[in-house]
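What follows is a pair of complexes built around chain A, which joins chain B in one and chain C in the other.
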Partner chain A sequence: MKILICDDDEALVSMVRFKLSRENLGEVVKAMDGREAKMLLRENDFDLIITDIHMPFHSGLEITTFIRQELGKDTPIIVLSAEGLEQTVLEAFEMGANDFITKPFSPAELAVRVRRILKK
Partner chain B sequence: MQTQPGYSHNGRQAADRKILSRPLNMDFDLYTEGDQEYKTELCSLMIVSLQDLQQSLSDSIQDHDPGLFLNATHKATVTIDMLADMEFQTVASDLKRDFLSADKDDQLTARARHFQKLCDSIISSLQKEIKKKDLS
Partner chain C sequence: MLSQCIESITSSYFGLAPGPFLALNVTLVFLSGAMILIAGIFASRILKSRHKKLADSLRFQYQKILNKIVVNEMYSEGRTADAAFEFYMGELRLYSGTSSLARQLLLSQILENKKNLTGNSATVLVKTYYALSLQNESCKKLKAFKWQEKALAIREFAEMNHAQSIPLIEHYLYSGKQNLREECLMALVRLEEKPLSFLDHYKGEISKWMRINIYRFLQNTDTRRLPVFSRYFNHSNLSVRLFCISMARRFKQSSSLPGLLDLIYSDNAQVVGLAVSALGDLDAYQYRHEIARLANHVWRFEKLSRKVVACLGKIGDPETDVGLVGKFLGHPCYPVRFEAVSALKKLGSHGEKYLHDFNLNSNQNIKPLLRHFSEPLLN
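Our next item is the complex of A and B:
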């Protein structure tokens, strides 16, 4: 399994990478901003994408739209956000996200959600 | 909002302040599962995150741009939560409120100093955690 994590917070990316690797859920590739995320998405196939909403260059919602509309892919997407606002959550789902996690979250919670989406 | 002298060069400021370590409430095992190598990596990344917060606070005050600090705290949400330091969380959140209130310059200045000191203390404690691993 190949998982893309898009977030500009190095500590969070490191935490996600450590936990998912520890649980043998797959190889984790990181993108530190929306531009890098788009580049990686154009050039690679991923089994799961985890993206923050607030990122430099392109937001997580733009990335979600890019995956669904421009790339036409149905890769599962988990959206992360420090705002659990209902409007943001609904917008993410409307754009095609499969799950939404409000920051902060525990590594164990993330692993459970990833496992469920990947059906592992 | 007045620019506070000496807050523009954070490294020098930290050197000028007396830095005391602060007990860490963080549950390292929750994030590192006992992996010492990873604990070192995580501590180093959290230090960078805290230094970014300090710099953004200095820049926000100097440039009269609250957005810099607000964005930095947003970005550091996970680090702030991992630290599980109630005082630190409260001061960070009060600072955000002060920035948005035009008539609280004095309060903002005092709180900014306090926040910088808290960051210094936590950084010092995280550095000690890294050294513990190096000594073991």
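Our next item is the complex of A and C:
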């Protein structure tokens, strides 16, 4: 399994990578901004994408639209954001996200959700 | 004497006249000055880049250990967990040593992680903070000269639930720097056993930013821990009074209804307006007569008229208050007329009938208002 995590918060990316690797959920690749995420998405196939909303260059919602519309892929997407407003959550789901997690969150909960999505 | 001396030296050694020699000297001095400056800049850059490298490498090491601590949440009970935790603390101590800089970096890395985490993972980071006595670093920061450092220290205490620091934090409640005051206030809200008990003696201003932040914090607090806001309705500080009325309204504290009723007779228009809105939001039907009486006296005040009309739309009697609300359709201010349309609509069939009749009798001059009201994008 190959998971892409897109977030500009290094501490968070490091912690999520560690947690998911520890749970044997697969290889975790990181992208620190929207541009890097798009580049990786064009060149690789991922089994799951975890993305923050607020990132430099392209937002997580733009990434979601990019995956669904430009790449035409149905790869599961988990949106991770500090902004838990109803409007934002609905927008994320409308754009094709499969799950939404509000920060702060529990790494254990994230692992459970990832496992459920990957059906491992 | 000096000029003679220079003259003799220049003529005997260099064969130069004193004028060009002086110019040469000045140039040399400037050149060497510039060289020293450039060297200084280079040295400072090298030092900065070394410092950054060191900081990055320390952060990386800290993060590796913090990941293990955070993810170890599964074993949060039992001896194995304690032993593992102690081991990680030992590792962190080894990296941070006694250097204040290294310890500050560790502290900032812990905070950076904690902001994204909840549950056991966040708790274990707080435990780490105390196990490594990082509260001493926060104390040092609190004594710093820069207010930004002080604010950071206060935030650290609040994040780490360091209740013992309340007396130290209270010291900055009336600081000249607004940001520091606000940080201080937020920390007190988070740290005090009974949230907002500092309001008893608070003499400062509660800004909008603070109101929003306090409200957001209180939203996640057990409602049983919330104070009875009506006890502050007669506070000597107007800012506290206004804040507590809006909190009583937000948290739907029905016990504050009698207090709110008293406030509609206040001599401060802001207090009256907020109290009226609160009574409307709290569905205080029993006080509709008082609000109706007040409606007869607020015509001259636009904002107050809007609030009273809105309140009557919520708690007014559809049969008796329709005429009173309807009067405001002739108010000179558009927002009041608009609010009156909204209130009449809320009063059900009686209100609708009143609007229909008014529209016919007034030669359809409220038609644009009705159109505005039914256009969601304009509301």
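General observations
As a working rule, the second predicted complex is superposed on the first by the 120 of 120 C-alpha atoms of A that agree within 3 Å, B and C clash if a C-alpha of one lies under 4 Å from a C-alpha of the other, contacts with A are read in each partner's own complex, and residues count from 1 in each chain.
The definition used in the following text is that contacts are C-beta pairs under 8 Å (C-beta built on N, C-alpha and C of every residue); 3 or more make two chains touch, one makes a residue touch a chain.
Source: prediction; values computed, not measured.
With the C-alpha superposition on chain A as described, chain C and chain B clash in the combined arrangement. In the superposition on chain A, A:R22 makes contact with both chain B and chain C. Residue contacts after overlaying the shared chain place A:N44 against neither chain B nor chain C. In the superposed model, A:H54 lies in contact with chain B only, and not with chain C.
When the two complexes are overlaid on their common chain A, residue A:P104 makes contact with chain B and with chain C alike.
Touch criterion met: A:L12 reaches chain B and chain C at once.
Of 4-12, 58-66 or 112-120, the chain B stretch that intrudes into chain C once chain A is superposed is 112-120 (criterion: clashing C-alpha atoms). Once the two complexes are overlaid on chain A, the chain A residues touched by chain B in the first and by chain C in the second are 9-12, 14-15, 18, 22, 103-104, 106-107. On the side of chain A, the complex with chain C involves touching residues 9-12, 14-15, 18-19, 22, 103-109. Chain B contributes residues 30-33, 35, 38, 41-42, 45-46, 48-49, 71, 74-82 to its touches with chain A in the complex.
Of all the residues in chain C, the ones that touch chain A in their complex are 63-64, 66-68, 70-71, 73-74, 109, 112-113, 115-122. Across the interface of their complex, chain B is touched by residues 8-12, 14-15, 18, 22, 54, 82, 103-104, 106-107 of chain A.
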